[in-house]
Every structure is written in structure tokens, then in C-alpha cells.
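Several structures are given next for inspection.
What follows is a pair of complexes built around chain A, which joins chain B in one and chain C in the other.
Right, the complex of A and B next:
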């Protein structure tokens, strides 16, 4: 057994039970070693209203090692890489404790969204903007949230893509292949045509 | 010698060697109840040994005239070895307080007119009991366990019931020994009961790392007491450990109660000395051993929940919630470790990185303890390093020499 599956399962049950916490976890197939965390953007922050997906990889020695977390959804935040979604958070690195769980880690990431730490940045450009141009930073972050973190119904996506001139069947196939990601589907459709 | 000792397998009807058996297959011969290790000089079990720690008198054991060889009643006419008034086990039973043969460990009932047939009914005064002689006789081991098939004809003394351990092991003619046994038994029983209570109370304590209970949970079906009921309600402490294990497992699997850790060795807590957060031993050891390469030692050495630093952990089969219990546990743990030789120190041939603060015994092969040494920790560029032991006397020597030089 590469990791403590029993513990991961218990954590999943616990998260499932507590839906009010604003974080959740989705399964990617049957594999407990690879999960997707869902974080709601904290209120009174530029990320409010967005739903952010976090790729979670359970390391073999979990819970003695922190899970590897990375934003799938693009986020404009000083402590999150705007390129690959890497998160700079101490408890996901050297301050990890086995008493922490996936839920508490996701809650910590959520708290990080509402209170950025520009002194310990992951993305230098964003951090610089956060320090020097607070207003621009907020508007950019809100724009990224609107653009990438809003949950859009599949029907809306299909309608939009069909309006662009693609066939409905192709659009549906492309969306299914990209897991509902509109931009990726668009790229695929453009690349394929 | 061996051919005059009754084969214990034959006695229980299970000897497969038949005529080739080096031990006697004659009920006339006595069974050996003397601990052979005791005879060789030392028995590791000490007072707990199930065999007798008595040096048998050559004149009595195994000799045809010995009362140990008695098997039939009446034997009243046999002369006792001391030449005093003849006493048979049966008559001693009738006469002496406490009677050796009247204990309820026997199923064999004597006929009501038994004494009359033997002509003992007419004896007006009770025969004198040679207490000194009977005090030397060992107890019957089978009667000790509760039933002796030979009943009244058994050549051995039958003890009285010890209410604490439930064995018929109190020697009727050794009051001091019996009192000591009863006392020790009662103490053991009290300790067992306390442990059991502690175990029960720690059954629902959850490990903060694996999120499981370290101990098997008290079965939820304990309410069925008396019928199929859970083992817990039936006094598990009195049953065979293995049976308990199997029973509890089967039961709890059927009622879907969390059984705690799979391996019995894992069903232990690792008690942190500085805080009161519960972890099972395996988990907390795994964490403190530094499974993560990224985490600094100060992180792994602290409690995963409250991050209070504990210098060591104490393994325990139950959870301690009270401070006094915890202190006693730590003390007990350290005392136990102090009896184990330190593998780094290696009887003086090696050097232990923990020096004087090592929990294990630092003694040479003759058992002489190591002289107290002072270790100096100095902050270097890499962190903390341990220097060679430095003594105050070495400074004094230098100081002495320096002053002498100045005076000269």
C-alpha cells in the first residue's frame, strides 16, 4: 500500500459530511492517490464567487509527507504561480504536520486566498503588482476569477462554442475530452479543424 | 530415577511411548512436581513457577515406604516416617483445620458410612496431626487446577481455594506461605482490574494521525450480556489470550465495530511527555523518525497537533488521562530502560551520543556504572555539536599549574 488509504477514505467521508466548510474533494476515477479539491473563493476578496480547482496528489508516505497541491484553475495571487498553479504555503512544505488533513490543508489554501503574503511570493510579478498597484491587482484578480473560476453550465459552453461556428457534436466531444474545460476544448477544436 | 516417576502423559492418558517410555506407567509411583531448574540452582520463574520449589528428601520421594506412594485407604496402620501417631490423608482431612481433603475441588464422594466401614467412626478422640510432616508435602497440581481424578485416594495434599486467582493452591499446613500467596494474588488481581479499567477507558481514544482507535473498541453489543454477549461483558481478563483474540475479532467483525489496529503489537499509544494529544505508537514514531525529508527536526519532534516539543515518547498499552498516572508511567518506563544495557555504550567499549542523559544502562561488563561525565554542546556554524567530555577537574588542574607558575 503506497499510502494510508484508510485515512484518506476517512478524510473524504469527513469532508463529504461537512459541506458548509466551503471546500470539497472530487474523486478522479477510483484512484485515491489523485484527487481534485474544490475551493470556493472567500467572500470580500477578489476571488469571491469563483470556484477554484486544486490538483491533489497523495504522496506515498502520506500522512507523514504533505500532499502535493497545485491550482488547476488559473489564479492571480502573489503566492500562487500564474503559470503552473504552484502554491507557496508553509504547511504544504516544511511545516506540514500529520495531524493536518486534506480538508484543513484546503481551508488553509482558502485562507491564503483572502490574505496574500507578498513577502514570501511564488509569483514575483503578481507580488510586485500587489505591493505597488493594489487596485490593478484587485481588478486583475477579479477578472481572472470571472474568466477562469466561474462555473458555467455545459449547455452554455456548448451554445457559445456552436455560436463560434463549430458543429454541436464536435463541441460536445471536445468538451467531454477536456473534462468540461471550455478553453481547452476551443483549442482542440481549432487545432483539429 | 526416572523409572520411578510417574509419566505425566500416562497420567493424563496421553503417553504414546508405551513400554518404551523412560518414565513409570504404574499408578503406584509418584508424579514429579519438583522444578528441575530449581534443582539445578536457578529457576527463571521464581515464585511464579508452576512446579514446586522444594528439595525433595531422598528418604521420602520415590522410596517404597514414603507416604507419597500411598494410594489406598485405609493407610492408618502405616507407620509415619517420624514414628508419631499414624495419620492418613483421609484422617487428616477429618481432623485438621483446615482439612486437606475436604476442599470442594473433588468430585469423588465417599460413601456415607465410609468411616464406619473403616472402623474410624468409633474413634473417640481426633487423631493427632503431624503438622510438621504435612507442611513438607507438596500440593496436588491437578487439584490445584480444580479437579483431581484420584479424589480422596490422591497421595498429595489438596490445597484450599485462593479467591483471587481461583486456584486451589493455598497449602493448608503452611499458613505463612498461604497468606503471602493470597496477598500477592490480591495485589495482582487489583492491578489487573485497574489495567482492565484503563484499557476500557482508552478504547475510544483516537490517534491524531491515522484517525483510528489504537485499541479494540468496546463492542457496542455489550448490552447482550449473559446471552451471546460481547466478550467484554463476560470478563475477558479471565480467558485465554488467544481465545480472546479470536473471539473478539470474530464478534466485532460481525457487528461492524472498529477493531482498532490489525496487529496486536500496534495497539499501543505513544504518549508524548509534554502534551496530552493521543497518537498510536506506530504513527508517532513514524513521524518523529523524520519520514519527511523537508521537515526540520524541530517540527518532527513536536506534537503534530499543538506543536509542543516533547523530548521522548512513552509506549503504553492504555491511554493515561490523569497527570499522576502519566508521571508513574514515564517513571516506570525510564526505570525499565535503565535496566537494559545501552548498545552505543556497549559495556564501555563504545561511546553513546546521549552521554549522561541516555535512558539505557551505562555499565561495564562487571555491572559497575559509568562515571558521570559532562557533555558540552557548542553552537557551531552547522548547528549544535557534541564535544569530547570536559571535566571541571581538568580546568582546576590547569588553574593549579598556572597559579604555581605565577608563584614561581
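Right, the complex of A and C next:
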């Protein structure tokens, strides 16, 4: 096996046990080499209330090399690329140590959300805004959290689409057909009428 | 010499052959291969080495010994001196008093250099000498502080190998020094590697349960030997020379002997090589030679000049890491090279390799360094650089001078930028030309040796020593060419028609004229060079050209005041 599966397995069990930490890991099928991290937006930050997904790739040399992490959920943050979710964090690069774990790495990413480091930016535009227009930054970050990081349940989608003037039955059928994708369902409803 | 139009196929061939600097290994190898003749050819080097070997003991204040290696003990100094003699052979042509503020070297003494402000030899430290110095420093620190060698290495590396600095700081605040070096305090116990403790607990890296053999540095953060080994191997693979304990909060560095203990031989050898290279990178006493594929380190401490020479005789500037560029200053060189890069497009059409004869318009290709051209067709003699009559270069020489009036007159009404471009091109053209000449002239010695081989087949009584002086004179010629090349960068930075510039142009003119005379003579056929009167003329001209070179450099050093 290319990576240390025994260690990854143990880490997954540990992280599953500790639900209070605010971070978690989901499996993508049976592949231990490719995981999805879940981070709760820290309180009293513009990311509060959001749930952020992180793509985790376990490299063959893990744990001697850091795992590759990238935000799947769009985030407005100076150290995260608003384009591709790349994260600028020292422990995911040269400061990695084999004694660190996926959990500690995810916790560090969570801590990064609370305290951005604009002097070492990943996204120059966001970093500039963070330095020069704190208020605009906070509201943009909050807006992105609302738009991309909120888990929306189906009832809310139905209510919103019905409010637009579509029949409840049609809405439910369209949503089911589009696998719960609200925008695709809306398109279908518009195209169908 | 006449360098005419379509040169023969043979000459072209010679030109396209990669130039082999006379001292590099390839050429000496090549010469060694060609039977006994080579003995005499390399005998050239032999003689000059002998000269130096004799000279060195007469100069007790050999800087390599005096500066970089403050004596550990008398006994350890003994073999060092022998080594120094060996390495001095490599730079045999530079007697101690030859390098001045501008770092130029004279080969033949003379009154000029006696006025130089600073006179020291540029030291060169070969790999062996470097390793020995490293070893000695390490052992001395280890003994004085009562620590193991690998801990001493870590301590020394934290202060850029400045032994005195380390010792005084250690006496002041050992705690601070140890923390900065990633060494446990007291340093003596840093190596308490708790090796091979078999335990049943889980290793925090691989998460396997025991029984496993655990090891730790003196910080006590223990991991199984298997993980240690993989951790160290991967770090070495990455080229890391400062490996710290895997525990994220710990800053203790892994000493060399632990790497040796835990890794296989190949990995450890790689690691040692990296650490040795790191010495040059970290130490302030030596630098890498910037020449491509050279890879030698050169000591800098004993040199008051910023121009130093490596054992392969590459001379370079310690500050800007480009070719030794006297009389030009580093900032002038950087600005100039940038400008050359920017303007290269504009210059492409100007720097074509052919020119037309100013009289009969035949196409002319230059294949030698000499700028005195004689058209084979119409016998017109002219200067390759300014296309003016060659006659004017011997009687009234003005080729090197940029004439602002001339430009004003001809370009009247045109934009100033055009004049600036003309001014730049004037200097660039001459700068490039000297560079090209030097490259061609570097081959003179090799060509003479080849020619001699041919001759000897016909006339076995010929001696190889007969062409030895050609190599020496060529070297002097090339030194003049390098200085001439950089004089145009210096002149470009000088204000036009200032008194300094006038004096500078005068000195430059003198050097250029003498250099061209020497070049012309050296490029004549070997049969001609073998004549006794020609030989003495070559030697005299080489001395005169060198004198001009030193005069120019000293003039600049003194601020160009008449």
C-alpha cells in the first residue's frame, strides 16, 4: 500500500470519537487515500454557521509528508484562494511534522479561519480588502458563507421555489429529477413552463 | 593581420571548435594524450609552478594560513602549509603584492603596483583544504566545550562557522547559544540518544503497537526506529541539512552521528555531502565560484580585493558574482548588463558578424582577435571597430573616443533619444568586440601547440619550450582584453568631455593600442613566432601592454586626477 493505511484508519476512528472538536472526516467510498474534511466555521468569525468541506489527499509518503488539503467549499479568506480553494498554511508545507495528524491539520485550518494572516496571502485581492476595508471584507466573507457554506435542507428549497410562483408538486418533481440542485431545478421549471 | 572575407574552410572549422581555455582540464588532458610532446607542452605550467614553489616560502605571511585558520596548534599547521603551497601553484601568476583595491593582478612586477593601496593575495581554498579547516574547527570547539564533534558542528553552523564568535558567545550565555543551535544545554548531554529501548506502547508516528524499539534525542520525544529512519531519509532526500526533532514544539536538531547511526550508508553520505556544501553557503569565509560547472569554493577572508580567483583560474567578483570587471564598478556592471539585455533587439542588426570593406565593399568576416584589417582584394587597411584608416590608429589614435560633436552634427534635429542610443551603441560595440577578440585569442596558445606538433614531425630538432612564451603572452593579452572590455562600461558611465573622461580615454587609448599590437604579433604564423627577434618583441610588447593595463587601473583607483 502506498501510504500508511493503518495509521490513517486509526486517525479516522479517533476523529470520529471526538465530535466536539468541530472538525470531522468523511470517507469517499473505500479509498483511504482520498478523504473529505469537514470544518465548522469558528464562532465570532464571518464564517460562523458555515460548514466547510476540505478535499484531503493522502500522499504516498504520509505521514512523513503533509496531506494535500484544499477547500471544496468556496471561502472568502486572505489565505485561501477564492478561485481554487488552495490553502496557504505553514504546517501543510515545510512546517509539517510526522507527529501531526489529519485532525491537528484540520484544527489548524479552522484556527486560520479565525485569525487570517494577510502578510502571507494566498489571494492577493482578498488580502488587500482585509487590510484596507475590514468592514467590506467581513460582509463579503459572511455573504460567501451564507451562499456556499450553509447546508440547505430540501424544505427550504421547496419553499423558495414555491414563493417564485411554481406549483409545489412541480417543484418537488423538478428537485428530485435534478438531485436536489436548486438552480438546475429552477432552470427546468422555467424551461418546462 | 589580415582577416579577409571568406576565410578558408579550415579556419572556419577552427573557429567553430569549442574554445578550450588553456588551463582547463580538457585541454591539458588532450595534450597529455598526445605522446611525449605533451610533456614539454605542459612543461610550461611546470616552470611557473616551480617559480611559485620557490617564492612561497619566502613569504612567511602567506594569507591563507594567517587569516582563515587562526592556529589551533603548531603541529596541525604543518601539513597545512604544504597544502597552501600546492594550492598557490594554481594561482601561480599572482604574486602576493599584485592585487590592489581593484583586484587586478600584475605578472611582472614593475613600479606601478608599489603604489597600490592594498596589496594582498587572493587566497583559494580547494575542497580538501576546506574540509580540513572544517574538521579542525569542529575538533577544536568539541575539545574546548567538552562536547562531541557532531554537536560542535551544530553549534558552529548556528554562527556561520565563526569559531571565535561562538566561543565568546558561549562563555557569555551558553543557554542562548544552545537554544539557537538546536542543541540541549548543557551541550555535553545533547547526544544522550536513548536508543533501542524496546517498549510495548504505540509509536505516535506509525501508530503501530509494540513491542517496538524506540529512540529519542535528549528531549525525550521518542519514536520507533523504523519511523526515525524513514523520517531522516526523507529529510535527507529533500536536501534538508538542519533536521529537527519530529515533535512539533521541539527545536532540538538531529546531530550528524545520529543520522549515521540510523540511516543506511548511502543516505548518510548524501547527508554529509549536503552538510559540507552548507559550510560554503553558511560560512562567511568562502564562496562558490560562479562559473558554470566549476563547483569550487574559494576563500575570501584574506582578500582585501573583491576580485578573487578559484583554483581553475576563473576570476570573479565576490560582490556581484560576475566576471572580474575592473575598472567598472559593480553597480555600473549590473546596470550595463541589464541595459544590454533590454537593448539586445536593437543591437541585433548592428552586431552582425560581417562588415563591408569601406573602400571596395567586399564582405568581410573577422576570424581573429586583431582589429587591424587588410582587404585582400584592394589592400585597404582599416580598423574593424571604427572602419577608419588603420594609419590613423598608429599616428593619431581616436578610435576609442566617443565624439559627441560628430553625433550632434550628423544627427542635428533628431530626437535626443537617438543620440543616447548612438552613445550606447558606441560603447556596446567596443565592449562586445573586445569580448569576442578575447574568446578568439584564448585559442592562440592551443593553436600554437597544434602547429608545433605539425612542425616537429618535419623538424624533430624543434623544442617545445620554444612556444612556451606564446602561452604566457596570450594570458597577458587576455587580461588586457578583459580590462579593455570593462573600460567601455566604465566610460559609458562617465560624463562626456569631463577632465576625468579625457584622462581615462587617454589611458584606455594607450592600453588599446598596445593590446592590438601584441594581438597582431601573436596571431602571426608559428614559424614567424619562432624567430628570436619576434620572441623578444612579443615579450616586450606583453610587458608594455601589462604596464598600460596597470596604469589604467591605478589611474581609476586614484580617481582619475592628472
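Rule of thumb we're sticking to: the second predicted complex is superposed on the first by the 153 of 193 C-alpha atoms of A that agree within 3 Å, B and C clash if a C-alpha of one lies under 4 Å from a C-alpha of the other, contacts with A are read in each partner's own complex, and residues count from 1 in each chain.
Everything below uses one rule, namely that a contact is a pair of C-beta atoms (placed from the backbone, for glycine too) under 8 Å apart; a residue touches a chain by one contact, two chains touch by 3 or more.
These numbers come from a predicted model, not from an experiment.
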item	value
Partners on chain A (chain B, chain C) - clash or fit	clash
Partner chain in contact with A:93 - chain B first, chain C second, else both or neither	first
First (chain B), second (chain C), both or neither touched by A:65	both
Which of chain B and chain C A:132 touches, first, second, both or neither	neither
Partner chain(s) touched by A:4 [first = chain B, second = chain C, both, neither]	both
Doubly contacted chain A residues - partners chain C and chain B	4, 6-7, 10-11, 61, 63-65, 95, 97-100
Parts of chain C lying in touch with chain A, wherever the complex brings them together	204-208, 221, 223, 227, 230-231, 234, 246-248
Touch list for chain A against partner chain C, complex	4, 6-7, 10-11, 61, 63-65, 91, 95, 97-100
Residues of chain A touching chain B in the complex	4, 6-7, 10-11, 61, 63-66, 93-100
Residues on chain B engaged by chain A in the complex (per definition of touch)	208-212, 277, 283, 286-287, 291-292, 294-296, 299, 303-305, 307
